[in-house]
Structures are given as structure tokens and as C-alpha cells.
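Two complexes are shown next, each including chain A; its partner changes from chain B in the first to chain C in the second.
Right, the complex of A and B next:
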């Protein structure tokens, strides 16, 4: 008797099709083709670079969310964290903007974000409250306090040096009509974050421990993992990404407003889940998350280019998420069944 | 010689239960020390205390390698060379086999970067040590329970292990794998590695142990050199009772009745082929064969989980084809799954809720709402009938000892009042006394007219408790025996013979 656990001659194709990312990629290609057929403006370098720039914000949040989801938790307070960090840097920029530079702005926003994330982690760990409840509560507390203190004012009029980054490119083309476009430094920053995240998740003990904790936290404890430290890292990292995100937002629109981010939590969760992370923890990848964000980006942008009324956007996104999550659940079921096949002659 | 580990005056109280009471325990380097006791006697609790994941009540003293330890955490025990194979395996279903085996070692070594080649190497070395072969890059959640058990064993075989603790490591292994494991345990003895071995299979215990410590109801009965013990003596120490078996005979001769379940030429590609048999009311029919012989798959097909490709199933003389578990249940077919932890129970729900889960329909009052009195009565009845040891029916199932969990699964299915009951490994991981109790329950049920299909690896168990026995091999029924006229050797020979 032999139990086939894996076919010896697994081809590359077969391996590819066992990965969630492949399907998201195919979905991107299909959507991309459809949109291009309707409106050829879509598949231009200019539009693509533009999309990558404006979705760097969601992408940065998504990197943080990925860590939290893998660890088996969820954090929906990050938009409130980002709003607070946004205000902090906006106030500092307006008061003594000339003493600051881009690095210190990122450092301050990130630092405050980490602090707020750590508060989440401590509550979740010590009071043993489910992360979703905790972060719903802290979302309201953080956001409520901010609204009281800021009185809902919009802040703008930042120093000139802060404005220049939107027009800074790693490389640049000039189109025939004289407009120039290219890979924005903001996009590049997001890519670097993803690269670091990928390395941490795949090649560090820390990263693998986060996967392990998400897979089975009781086992993780028994295997000698320090769950407190892992929680601190994960929610602290989410806070860091929220802080970075708030700077990106401020760079992109040169305004800090109290209501521009809160309410978008679930879009980010949706992007990460589309990319293959599971709400029960233990799975997800940086590549998948990137593709999830891209898919959401081209659906949003594509529907606009195809002149579909804006409210259809939500319907389409919802449907795509259902199909994606349903398909991966089905694939898991099939592979679970396949593994018990016994050779009967 | 100084003991490697010594515990004195260890007690542990949980709300409502005393899991351990003033227990002393010690183990020497190179000793194989078995821990036996009925379900719920405190074996796993003792192990969790040694591991640092559970802390004893004040007043206990724990010494490891001559050093008194206080408030130790899991990582401290690991650093002292203590490795544990937990009863529930404690694996990471979302990680690969290689990672599961090697990751905790990498963590313990305090390194920060993961080299995948190193993980593979560590895993391969561990597998070589106990002579098994597992696919390194398969996800642990997608391999079989037996393979998972092997992964958990491999994980414990680290290079610097000084004390290896195994909490029922052999529950779902085949004979060959058990032999390999036991020989490794003996090999380790030569390298001065101590082993604490928990098992309900007393023959295994007596085969390898130097000393045996017996627990009963959280008390230590005593520690005995294994030379002074035999099966009977040990059972007696554990339970305070003597157990004997009489072969099972159905109340009425089967020939005088209609079969309640008849299977004709049932096949499912890749699982089983041309299976035919009949099951009469009042019969207990055994179904045995090697792990992977198609037994479980056959049971699942009867129960409506899989659909057979061809063949016929007659239930009470009527051809049936159950499309779902619900349909099978409504028609009077019950199935107690092999893997109680993942298939049979809602672990974080109360014992009472688990028992009544399958019979909620029958517990409603005239207004079609759940009748709390009926619910309570039914729960009390089953807890008493199956002697389930719980502080309260409100306790979540996961706080019960392994054997008591198994009784909850049984209660849940017997409560549906089935005509045919399929039991897949109903006594895996259950102590002798509880096993006997469950056998008694099974016999009593059959005696009342229920037809039972008893699936088990343990040939003595099926021979002692059935009137007929089917042996499966590679998806076929390879032989049929009348239990009272068959010896363990006859069946073993048939199985071994098939393999050649």
C-alpha cells in the first residue's frame, strides 16, 4: 500500500496553480484586458504609474494588516492611528516646518503609530480580549479623542520642501505632449516596505513565529515562543505602517483632514484577504497582498475609465471577494480529499 | 545517581477538580519511566507542569538537573533539554513538515535568520533517527493524523534532548511505526537520555519501561520496577478492580432475521472495491486492517460523506443512497469518527451542549422551542450512563482529559438513538477501565438490538467484542472470521500474508 502525498513529477504549472496568487494574477490580467478593450487609456504607462502612486497608501496599510492577519488577529483601529499621526506631523510641520525633514517626519509619525499599536497589543494580550473587539474600541477612543482635540479642523499650507516629494521620481519619461510621468518616490517607498516585509516574513525567525502563532497559538506557547513579544511586534508594526501611511497621505494630498481615512478599514482588510490571507490566521503573503491591492486598484480605476457609475464599484469588489475566498476554500477542500487517495489495484 | 528531574509535593487544583494531589515523581538519566493511570488521573497535567506551561499550586518543588526551578516558562524547560510530544500533538497546520520539526529548535538556539536549507537538514536528520519518511514541504494540516503524529515525534528528537516526554505518542500509529519508535526510545537510553512515556497500551508500557508510576484520581499509587508488574497487576493498580472478558454473542441468531444494513459490491475508485457484507440487528461486527486499508473511507461512504461510484446499500431492506450526513442520521445511522478532536466535538463548547448537539430536535416543547428541562435531563442521563468525569456539564470539552472527551463523542451519537452505529476507533487513547466501560456500553447497546460496526486497529479488541470480523486490505475485504473461533494470530497472519 502506498499513500500518495504528492505526485513525484509535479510540474511547475501544477505548483503554480496550487497557489492563490496565481489566480489573483489571472484575475488582474482578465480585468486588465476587459478594461483596455473598452478604454485603451487604461493600459498606458502613465495610468499604471499613476495608479501605483495613489494606491501606495492602501498598499502600505495592507502590509501592516498582512502581519496582523497572519498572526491570527485583526486591527481596524489603524485608520484612527493614522489620523492621529497625520495630525501630529501636520501640527509640527505648520509650527516649525523648516527644522524638519522627510526622515524626521516619517520617524515621528512612525513612532507615534508604534506607541498606539503597542497599546492595542497590551490590551489584547493582558486582558485576553479578541483583537476585533479591542480595536473597534480603540478605533473609537483614538478617533474620538482626536476629534475633540482637533475640533475637526483641516490642516494645510505645509512648507514647500514637503510639497516637492509628490513630483519626485526615481526615473521619469516625458510624453509627446510634454507631460512627464514615472516611478514616484512614494511608490518606490511602498515597494521597499514590501521587500522588507517579505524578507521578515520568509527569512526571519520572527516572521515564521508569526505564522506559527497564527496557525496555533497554544502550540506556539508550548514550543517556547514569546507570545507577548510577538503581539507587541505585530500590532506595533501595524501602527508603524499606519504612521507611514499618514505621511504618504499628507504628501499625496498636502492636506490633513480628520475624516479622510476612518471608514476605509475594511477596504484594506478586503485587499489583504483577496491576496490570500485568511481571517483565521496563519496564511498570507506579501506578493498576494500586493496583487490584492493591485486588483482593487484596477477595478476602481477601470470602472471609472469604463464610465460605470461609481456605486457599482462596491458591488463588483464584494463579488470578487466572495469568488476569491470561495474558490480558495474549495481548493483547500479538494486538496484535503486528494491526499487520502489510496492505491487500489 | 542523582535524578535528572525530581518533583515533590506537586498539587494542582482547577476550579472544581483536583487534577493532582501531593504527587512526588523522579526520573534518572537514561531511565524509561512510564506513567499510567485512568483517564483524568492527572498524567497530562503532570507533564504540563514539567514543561512549564502550567504552574503547580504553591508548596511544590521542582528540580531539574539538580537545580531548583521557580515559575519556569516553556522556553526554560526547552533550554534544559526537555522535549515534549503532547497528546494533542501541538503542531502548526499552516506550516510545512520541515518547519514544524525544526522551527522550535531554531527559536531555542536564539538565532534570528531562517535558513530553509538548515530547516530541511534538521528535519531530515530527525526523520532518519526514527527511520520514517515524510514529505518535507507538505503542509502539516494536509497530511494524515498518523503522519502528524510522526511529525510531532520527529520534532522532539532534537540534538540536545535530555528528557523526552511522550503523552500517548502511539495512539494512531501502525504496529510497524510503534516498533520503530520503541526501538529508538531504547536506543536513546544508551545515550543517557531519559524518557517519560504515557500510554494506555499496557503491553507497550511493560515492554519498554524500567519503572512505572501509577496515578489514580490525581494521587500517586506508587512507583514500581516493571519486572514486578504484569498486565493484570497494572490494571488492578490503576483501577482497583479486576477486568475479564467474555466473547460477545448476539441475543438472537442472525439467520432468523432480516439484515438491517446490507452492502453489495460497493466500490469507490481509489478508496475501496467490491465490498459486500451484511449487518444484522444485535450484531457487533468488527472491521480491521492496516491504517489506510480503506476502512474509514468505507464507513464515510456508508454515512453519506462520500458517494460510492457503484454498488448498492440496503438499509432495512430498502435501497438507499444517503446524500448527506443529516440524511443518514435521520434514517438511523450513527457514525463516531476516528479523529475525535477535529471531527467529533466542538472543543470550546460545554460538555452538555456537545452531547445534545445532535438531538436538539427531540428536545423541543410544544411551542417548538428548546425545553430546558428536557435538555438538562438528557444531559444528566448521558453523563451518568457513560460515567463522564466532569466538574460540571458547563465545562468546555477542551478541559476534559482525552478519554473523557471520547465518551462525550459517544454520548452524542448514542443519544440520536440510531439503528446502526459505526464506531471508528472508539477506544483510541482510552485507559483500560474506560475501555472496558465503553465495551460494556457497546455490548449493551447491541444487546438491545442495535447493529454495530466496530472499526479498530487493535485485533484483540475486535476479537473480544464482536461476533464477526471483517479484515480489509487495500480496499478489498480480504477475509471474514467468526470471532469466537479465531485467534489474534489467525488475523495477523492474514494481514501479513496480504502484504507479500
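Right, the complex of A and C next:
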């Protein structure tokens, strides 16, 4: 009798544990506990809000990367795209910064980003070149040309109105010692992007088509999906996020440098992959991606707070990625096997 | 048969054209013995790494971890060479120690290769993600072991590998040639080679014709890892040091060399002879641009464009051939 009554609970738990996000969440809790035990400074609201602000950049890139991975591709040129859009807005801000406002800055950066992303999409679609090779090439083209044209100069000294956004909060607390902290508008912007992405992926035809293309692009094509349009959207969207990210970076550090983003593309791929997205099979979710970014953030921050030397950071991230990818691949394999058995019966 | 010859000939004529062009642009500085000697010392590193990339691409995979593997293997070798036994105790020029170090380095490279193979073959993770993960892990280990410092000061026997000549030929070129011959024999003369090509063209058909696909993939990534280890020997002996982030710009170039040499990114096609010609073409262009004083970043952008141009050309050629066949 008791078994029967607990059945509902068991299925809920079973369902929960069939989801990748649950494991990422558990990993976050475990890591969080360990870090807090070693250094109680970790689990303070101040630190949490701080992390959410400084990782809004990676989080924004990750939203774009999620779409690309779900579609079955990969894009590592986005850091170069973001560097270009960063330069474009920096030059405009320095030349006639008073005529611009935050909306136009985002629009310009996003627009340039979309254009560069579309170049990727056209090459990948029309010449059937694997996305990894295409974007390795365009990463070097975009970055090489930018460095030649900009001569590697750092740009700073933006107008005052551009600086104020780092100190703007949706809501704010004041600690006993007088320092104030809260939910930054930059974090809020990232959250809004995630909400939009979640809605598009879950409730629109466009979103479902991207999953279909990632699941099996040949069948998706036969089923009548317009793969050109989907590719344009996915890589264009990645470009848009790269452009937005470059504005966030410029807001956070008030400087645009040629080498501040390029080289970090794999960290973003890592975060999204940690969150359960895979290159094969049209899987991945916004919630998972958010948890992946959070996991990377607390590992980076936690190692610092635990006074672990910085060069161990990559070892930890690499190990966690391999375990995560390995575990989800293994589960996929087991469930595929189970499915075939049912078919036989 | 016809296809092989025509592709090789096309590459050969491109090579002649490139040599002519660089001669025209740079004159005698390009056509000097010294210049060719320095190219002969630079080329093997990239060549061996390109072979490590090529074999993964033949199975329609990719190995993003080759440079990280080479660096970690190099660091292990360097640590054994500098931090253990006094080299004089192990024979002239520390030869015993050098052999020990090289074996240890190759063992590490092989282990990373097997890890990649296991992830790709048995857990069925896509090669991009699997090798991305090992790349981050392995380069992290390299960084953690060295704390970012350079490990340098090798015994004479080690330095000799990278900087001396036998019968007028630089030792690195001889190592590269041996590696090329061995890989060519594996690919063209053994059943493993035949299986690698088959797996790359059509994994499902390959599986149903009785091939143990996971085993072929394990061997592929093991060989890829070992070649990265061999590249490490050449690399650290030439620089007389090892570091966690040497050669990071090679990733684009190894893909470019493979593609330029006729390796298909979709797998199943490509030969070592093509790769060697692709490598020489790239080295000559790079050397010529260098002599002309072209900005390195412009060169990098140029490589990106060449990579896309070659892939587009391959695509158009294939489509043209298919059209002719269907008629």
C-alpha cells in the first residue's frame, strides 16, 4: 500500500533525475556548500549580485551560443565579432558621443554583429563547409583585419552618460558598513534576453524548427523547413548577442581593447555545453545554459575565494566539462538502447 | 586512380606557381640557400601537427586538443630533462635521459589520445566537444604544472635533435619524413587505414560490413595523440624550452594544411602526399610574406580567407563532378 501512495512522488523524482539541469543544479549546490564552508564570504548577497553582474557578459554570449549548438553547429568567431562591434561603438562614442544614447549604441552594435553573423551563415549554408572550420577561418579573418585597421589601440574616455549605467540598479540594498549593492541593470538586461530566448525556443515555430534542424537536418529539410532562413537566423542571432555583449563589456570596464575577448570563446562553449546542450541531437535549454554559466562563475569565483592558485581553474573546468558531457552522452546511449528494446517487444 | 593524380598535379603546379611568384616578389633573398634552410627547420613542427589533425579529419572528426597535447608532452619531457638525474650520468650528452624523457612524453601524448578515443568511440560524444574538453583539461594541467613559467636548459643530446643536420638535412625534417612515411603506410597499406577511410565516408555502412567502429576510432585518436607527442619533441628541442602556451596559432594552420592538401572535412578522402604539398605551399607563402614585411595579423586574416576559398573550391569541384556523373 505504502508503495502505491508514494508512486506519484517517485515518478516526479524519476522525471527530475532524467533531466540534465537537475545534475547541474546539484553540482552548483555541492560546490556552493564546499566554498561556503571554506570561505563564508561566498554566500553573501553582495557577492552573488556581483557575480551576476560580471558574468552577464558570458551569459549574453551563452544565449547566442545556445541557439547555434541546438541547431547542430558551433560558432567560435563571436569573440572576434564582438571585438569589431566594440570598436565600432567605441569610435562612434568618442567622435559624437553626445548624440547617441544607450538604445542606439545597442542597435548599432547589434546591427553590425548580425551582418557579420550572416556572413558565417551564408558560407556554412551555400558551400556546405562545417561550421567549426568556417568559424575558425572567420575568427581569424575578422580579428586579423580588425587588429590591422585599429593598430591594436585601446579606446577609452567615453561620455559621462555611458559610464552611469554600471552604477544603475533595479533595486538596491545598503549594507551596515554603508556599501550598497543590488540587481544591476546589466544583469536585468541579461535576464530579459534569457526570457525572450526561452519563449522563442519553447513556444514559437521558429524555435521548434531550430531543434528540428539540430536533430536531423536532412529530415528537417524534407519536412519542408527552410534551412537557409534558419541558418541566417541562428548565426545572425549569435552575431546580435555578440554585439550586445560588446556593449556590456564596454559598460563594465569602460574600455575597448583588441585582446580582451578573443581567446575566451571556448569558455562560453564550455558553459553552454555544461548546461546540457550538445552538438548532436538538437538538445539544450535556456535554464540549463543559465545554470552552466552560474556553475562556471562559482567555480571561478570559488577557487579564488578558497585561495586556490588561478592556474588550476582550467583543470577544474576541463574535468567538469568532460564529466558532464560524458554523463549526458552515456544517458543518451542508455535511453537509446532502452528504446530499441521496446521496439523489439 | 585518375582522381589522385589530377589532384596531386594541380597542387604541384600551384606549388611551382607560388615559388615563382615569391621569387619574383622577393628576388634573391627568397631563392637563397639560407632561406630554404630556415624553412626546412620551421616546417616539420607544423607538418607533424597537421598529420595529427589530418587523421582525425579522415574519420570526419576533428582534434582540437593537438596543440595542448604537444605542450603537455613537451613539458613532461622538459621536466624530466631538467629536474631529475644529472644528465652526464646517463651517457654522452645525456642520451639515456633524453630517451627516457621522450618515452615519457610520448606515453602522456598516447594517454591523452586514448582518452579522446574513449570519449568519442565509446561514449559517442561529438569529436568537437570531446576534444574541446580534453583541450581545456590538458592545457590547464600544463599551466598548473609549470605555473605558467618556461622550462628550459636541456642537455646537448636534446638540443641536437632540433638544431643539427645529418648528411646536410636538418634532423626535424628527417623526423617529419619518417612520420609521413609511417602514416602513409598505415593509411594506404594496412587494413586499419582502409577502415579509417571507410569509417570517414560512411560510418553506418562501415559498421554493417563488420568493422569494429569504436576500435578504429580509438586507434585514430591514439595515432593523433602520438603525432602530437612527436611534434612536441621537435618543438621543445628547437626552442630549447617548453611552455604551456607555445604554438597556439597553429590550430587554424593545421586545418588549413589538411584542407589545402585535399583532406575532405566530411571525412574519407585525403592522402599524406597531398598534405605535404599543401604544407610546402603554405610555408613558402608564409615565408615570402614575411620577407616582404607583411603585418602578421594581415597574414592571419589571409590564411582564414585562403581556408574558406579552398573549401569553396572543393565544394564546387565536387558538385561539378557529380553533375557530370549523373549525365
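Rule of thumb we're sticking to: the second predicted complex is superposed on the first by the 325 of 345 C-alpha atoms of A that agree within 3 Å, B and C clash if a C-alpha of one lies under 4 Å from a C-alpha of the other, contacts with A are read in each partner's own complex, and residues count from 1 in each chain.
Going forward, a residue touches a chain if its C-beta (ideal position, glycine included) is under 8 Å from a C-beta of that chain, and two chains touch if they have at least 3 such contacts.
The model shown is predicted, which means the values in this text are computed figures rather than measured ones.
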### Message
Looking at A:333 after the superposition, I want to know if it touches chain B, chain C, both of them or none. Which is it: first, second, both, neither?
### Response
second
### Task
Pick one for A:74: touches chain B only (first), chain C only (second), both, or neither.
second
### Task
Name the contact category of A:225: first (chain B only), second (chain C only), both, or neither.
first
### Query
For A:282, is the partner it touches chain B (first), chain C (second), both, or none of the two (neither)?
first
### Task
Could you look at A:172 and tell me whether it touches chain B, chain C, both or neither (first, second, both, neither)?
neither
### Task
Based on the superposed arrangement, let me know which partner A:212 touches: chain B (first), chain C (second), both, or neither?
first
### Message
List the residues on chain B that touch chain A in their complex, please.
### Response
51, 53, 73-75, 78, 84, 86, 90-95, 99, 103-104, 106-108, 111-115, 135, 138, 142-144, 147, 269-273, 290, 292-294, 297, 474-476
### Residue ranges of chain A in contact with chain C within the complex
74, 123, 127-130, 132-134, 136-145, 147-148, 266, 269-270, 273, 278-280, 309, 311-319, 321-322, 325-326, 329-330, 332-333
## Note on the structure
As the complex stands, chain C meets chain A at residues 62, 119, 123-126, 128-130, 132-141, 143-144, 147-148, 251-252, 255, 259, 265-266, 295, 297-305, 307-308, 311-312, 315
### Query
For the complex, which residues does chain A have touching chain B?
1, 3, 5-6, 202-209, 211-212, 214-216, 218-226, 281-283, 335-336, 339-345
